[in-house]
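Consider the two complexes below, in which chain A is the common component and chain B and chain C are the respective partners.
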Partner chain A sequence: MPASRSTKIALYLYGVLAIVILYLPLVSVGFASVSRARYLSFPIKRYSTEWYARALESPTVADLVTTSLKVAIIVTIVSMVIGFFGALAFARYHWRYRGTFQKLILLPIFFPQTVLGLALLMWFNSVGIIPTWKTAVVAHLVWIAPIATLIIAIRAYSFDPALEEAARDMGASTFLILREITLPLLMPGIVAAGLFAFLLSWGNFPLSLFTTGADSTLPEWLYAKMVSGYSPLVPTVGIMSVVGSFCILILAFAMTWLLRKARNNRPKGADNDTGG
Partner chain B sequence: MSSEPFLRLDNIVKRFGDFTALQGISLDINEGEFLTIVGPSGSGKSTLIRLLVGMEEVSEGSIWLRSERIDETPANKRPTCMVFQSLALFPHMTVGQNIEFPLKIRGESESSRRARALELLELLHLPADYYHKRIRQCSGGEQQRVALARALAFDPEILFFDEPLSALDYRLRKALEKELKDLHHRTGKTFVYITHSLEEAMVMSDRIAIMRKGRFEQIAVADEIYARPISRFVAEFMGEVNLFDVEGTASGGLYGHGVEIHANGEAGAADIALPQGERGILMVRPEFVRFLVSGETADFIVRGILREEYALGSRIQYEVEAASGSRLTIEKLREDRFAGAIGSEVVLGWDVENTHLIREA
Partner chain C sequence: MERLDRRLGFFSALPLAMLLAVAFLAPLLVIAVFSVMPQRVFSLFNAPDFSAYRVFFQQGYYGPLAWSLGMALVSTIVLFLISWPLAYGMAKVFGRFTLVLTVAVVMSLFVSENIRLFGWVLTLMKGGLVEGHFRALTGVGFESPLYNVPIIVFGLVYVYFPFMLFPLAQGIAMVPDDARQAAADLGASRWRVLWEIELPLAAPGIVVGCLLSFVLATGALAESKLLGGQSVIVIADEIETAFTYGQNWPLGSALSMVLILIIGALAIVAVTRIDLDTIMGRRR
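So, the complex of A and B:
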């Protein structure tokens, strides 16, 4: 249906408004990070990248980044593994209570994270585990692994089980089927799940707040400094964190693109890598 | 064909919970034979083929290949291969990689794999540059050929087909049926094909096995099954047919409801006889029924009214409502077209040599 002139204008207006509402707050944080003044006010009188230099030198910031990265990377890898096998269990095998199990395992996604964090903290305390960044990994996994499973399961449901049967029929062992057929075909789902897992862990605040104990992740520190001890270092670190997420996103796209390119230009006969 | 059975199915039973999908299947398949198993959906033919390739386990009975028992051998250790209904081509591999897959699993060198793949592309009339094509760049018919090439690369003792042509359009299917038959001749392999299409079975097979409710109803060559079906089910499954309930009379002849029988005691009528009181079904295929002109006679006669005329291309089909109320189908070649008007009274007749008696009540 061709849009009339007024509809077109309304659509453009809607688009611009949506983008402004989504991105303007982030832009203002960006301004705050390059302002010399202690508090953000417009117009900005003097620009400076001084706070970026300070952030890069600061051992506190380095610690925060290290902790956040450690948590996010471990959560990503474990989520991908759990998600892969979980998705296969969902999509491939028929067993009693499968439906119930599917629903129960996805339920944590819908819990308020603060409640989940509180519950985990209480549980850690009652069994005598002192919360550190390691307990945060567990907490993140409780919430993120089901999401990863869901993402990979969507991919697993859409592929024909006859592909695996055909491979077996032609002599492939269970391990070879996994390596040559299942893994390469699920790879886009696994990569997407890993991306989500990393970004959700990297940016998570409520679960980390309850479960990191004496350790602190970037989002926690941002909040704490907002409450007391604000300096332009806060928006600076915030922007750096966003840029970090963005780099991961670009990296993932680049990886997918390179893999596809490598597969299409594969030298004749070289096929030990079945790619993803 | 060797006289010794190549593949022997011995009293195979398959149960899924309370449901018995196969109730005692026995069959000998000869080496180099093209056998088609035909049956309506739910007859158990897919279950049977899955048992034979090892994707399901038998509940009872045994499978023997060259006097070696194979029913407990897992699918990846059996020297059999199946072409799937969905073809099951690996979408993340090229045509070449798909064909080479079984060879790669077997650990063959890259150069020999590639040589074999190119050979198979040629055997299946695909250009060599398809080697580098992706699966989704191939048309339906080309994908069919790639799936066949891959199965042949495996070099199985027996090649199974699970309705691989069912998704294709009519013309392509007809062409591939003939190609498949030709491929069977050229490779000399044993083909076991399942389908619900009678036409497919008739065109390609050496023998046809008709399956119904987990049993074989009849196993014979196509002509035999067409002309002398063993039951009403087979007769009706194998195309258009006219059937009449008959009963043996005291004089050794037949009494038929809605059909005048003049063949009693004549030559050739011996096969068309029943002991007194026993019931049977008299069968005649539509192409053997004639429109009789006055004065003409036949061994079997039915009077009725011409109701419909359908053009089937090279043939014309007529529907006649008999005086007894039953409907008869008659087929004539276009050149032998019957001139009578719709609604006119007609006399139909056919001879004893084109008649078959099914001894089933």
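So, the complex of A and C:
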């Protein structure tokens, strides 16, 4: 029962509309960021990049970027490592509590992040840890490491365990198999998970809100400014943060594309990727 | 081989399981313990005291809870209705456009939710993108739709859209074309096919999508603060106030516990419904 032509067109239009609505607020923020006036009102009469210059000079913004970067980089590395092993336990090995483990991983993803942040704040307080950006790393990990695990697990599902078994039959140790077979085969998944981890941590606000203590990440500072009075720096810094993440995304896509191209140019047979 | 698999599985699960035990399960336990502590006590060793839960009923904290649950319910229903056609398109109609749509939706997730909500404030406020241009063109302005309940629901729908869309698309993809074709051949109307074939067969995706968006929307805070301008106080807001300004940890914990119990029950129902091996495509 294929959809009729008019239904198809309507569905396509609906899809385009969804994308437009999804990104409309960013268009507003974009316009606001290049408005010259201190008090924003549309239509914008005079454009200037003055606020960008100010944001770049501001030591506060530099501090916020440093904190956010520190958190995001550590979260990325740790999630990739934990996610790699987690994904093997999740998808590859048959062990007793695999089902329970799979469901345990989903719970933090299903949990409202604001409440999770508050719970962690209380937990840190009751064991005597003073919240700083380091505790925010832990908070981000609770949510991001499971997501990284799921992404790597998708890759782990699609690889053939016979490859590992063959290596074992030929006498390879468990460590050697992990290093020479499992790790290279899961690499695309691990890279994708790292990308997700970085971007989700960079943009995360509800988990940082209660767990950074005196430090502040970029989204947190933006929220504080949004709630307590408008500053012309808010749209500017917001757009800079968004452009930063999109640059990283585009860079990642470009690298994948180049790598694939380079691999395809190699003579046949050199490529032992099973795909996925 | 079997035994090795078991051991390897256990050891590889260890890092993540430890992380979640220390930083997810333990904090929830601490909240449960604090919720039965007397007020203005900041240590864990006291006789239990359920007064914080009494305060919950006496001081009308069920109001904010009802608002949170009500708005979450409405936004979930709206989300289901608007996502269904799109999810259907992604699963059955769009070819390459599915990929475009997926990338576009996932990329929007990487933008901090408060920046996106702030963008809506700039779009919808008086003198914002919509009203400002409308007035410049026609000379007549109109009132901004911001700062009331419907706009909060709109914010929830906007932010949690991906969490409904993807599970739904996954669910609809599980409906075999043969079943729909057969029903249609036997003379079932379009609506009958939807009601008796598509909805029941896509049920796993529907349940997961609805529970996920409901649970996340119940605990949401930024939507009501940024778009709603405090016109309604939601439960997450009350919890925050109790912990920060109020310095009343037992009350904050009791409020969190009520929320956690509701959310936890729903989340567990959802999680047990998901068969990850099938969804994520196990080979064997």
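In the analysis below, the second predicted complex is superposed on the first by the 238 of 276 C-alpha atoms of A that agree within 3 Å, B and C clash if a C-alpha of one lies under 4 Å from a C-alpha of the other, contacts with A are read in each partner's own complex, and residues count from 1 in each chain.
One rule holds in what follows: contacts are C-beta pairs under 8 Å (C-beta built on N, C-alpha and C of every residue); 3 or more make two chains touch, one makes a residue touch a chain.
Being a predicted model, the structure only gives us computed values, none of them experimental.
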Touching partner for A:61 - first (chain B), second (chain C), both, neither: neither
Touched partner set for A:81, first chain B, second chain C, both or neither: second
First, second, both or neither for A:226, with chain B first and chain C second: second
First, second, both or neither for A:162, with chain B first and chain C second: first
Touched partner set for A:184, first chain B, second chain C, both or neither: first
Partner chain(s) touched by A:15 [first = chain B, second = chain C, both, neither]: second
Superposed model, chain A: greater residue contact from chain B or chain C: C
Which superposed partner A:123 touches (first chain B, second chain C, both, neither): second
Which superposed partner A:173 touches (first chain B, second chain C, both, neither): first
Contact residues common to both interfaces of chain A (with chain B and with chain C): 160, 165
Complex contacts: residues of chain A adjacent to chain C: 1, 3, 7-8, 11-12, 14-15, 18-19, 21-29, 31-32, 40-43, 81-83, 85-86, 88-98, 101-108, 110-116, 118-123, 125-126, 138-139, 141-142, 145-146, 149-150, 153-154, 157-158, 160-161, 165, 174, 199-200, 202-206, 210, 218-219, 222-223, 226-227, 234-235, 238, 241-242, 245-246, 249
Residues of chain C that touch chain A when the two form their complex: 1-2, 4-17, 19-20, 23-24, 26-28, 30-31, 34, 42-44, 85-86, 88-90, 92-94, 97, 100-101, 104-105, 107-123, 127-129, 131-133, 136, 158, 161, 177, 180-181, 184, 193, 211-212, 215-216, 218-222, 225-226, 236, 239-240, 243, 249, 252-253, 256, 259-260, 263, 267-268, 270-272, 274, 276-277, 280-284
Chain B residues within the chain A interface of the complex: 53-55, 74-77, 80-82, 84-86, 88, 90-93, 97, 100-102, 104-106, 110-111, 113-114, 132, 150, 154
Partner chain B, residues of chain A touching it in the complex: 160, 162-163, 165-173, 176, 180-181, 184-185, 263, 268-271, 274-275
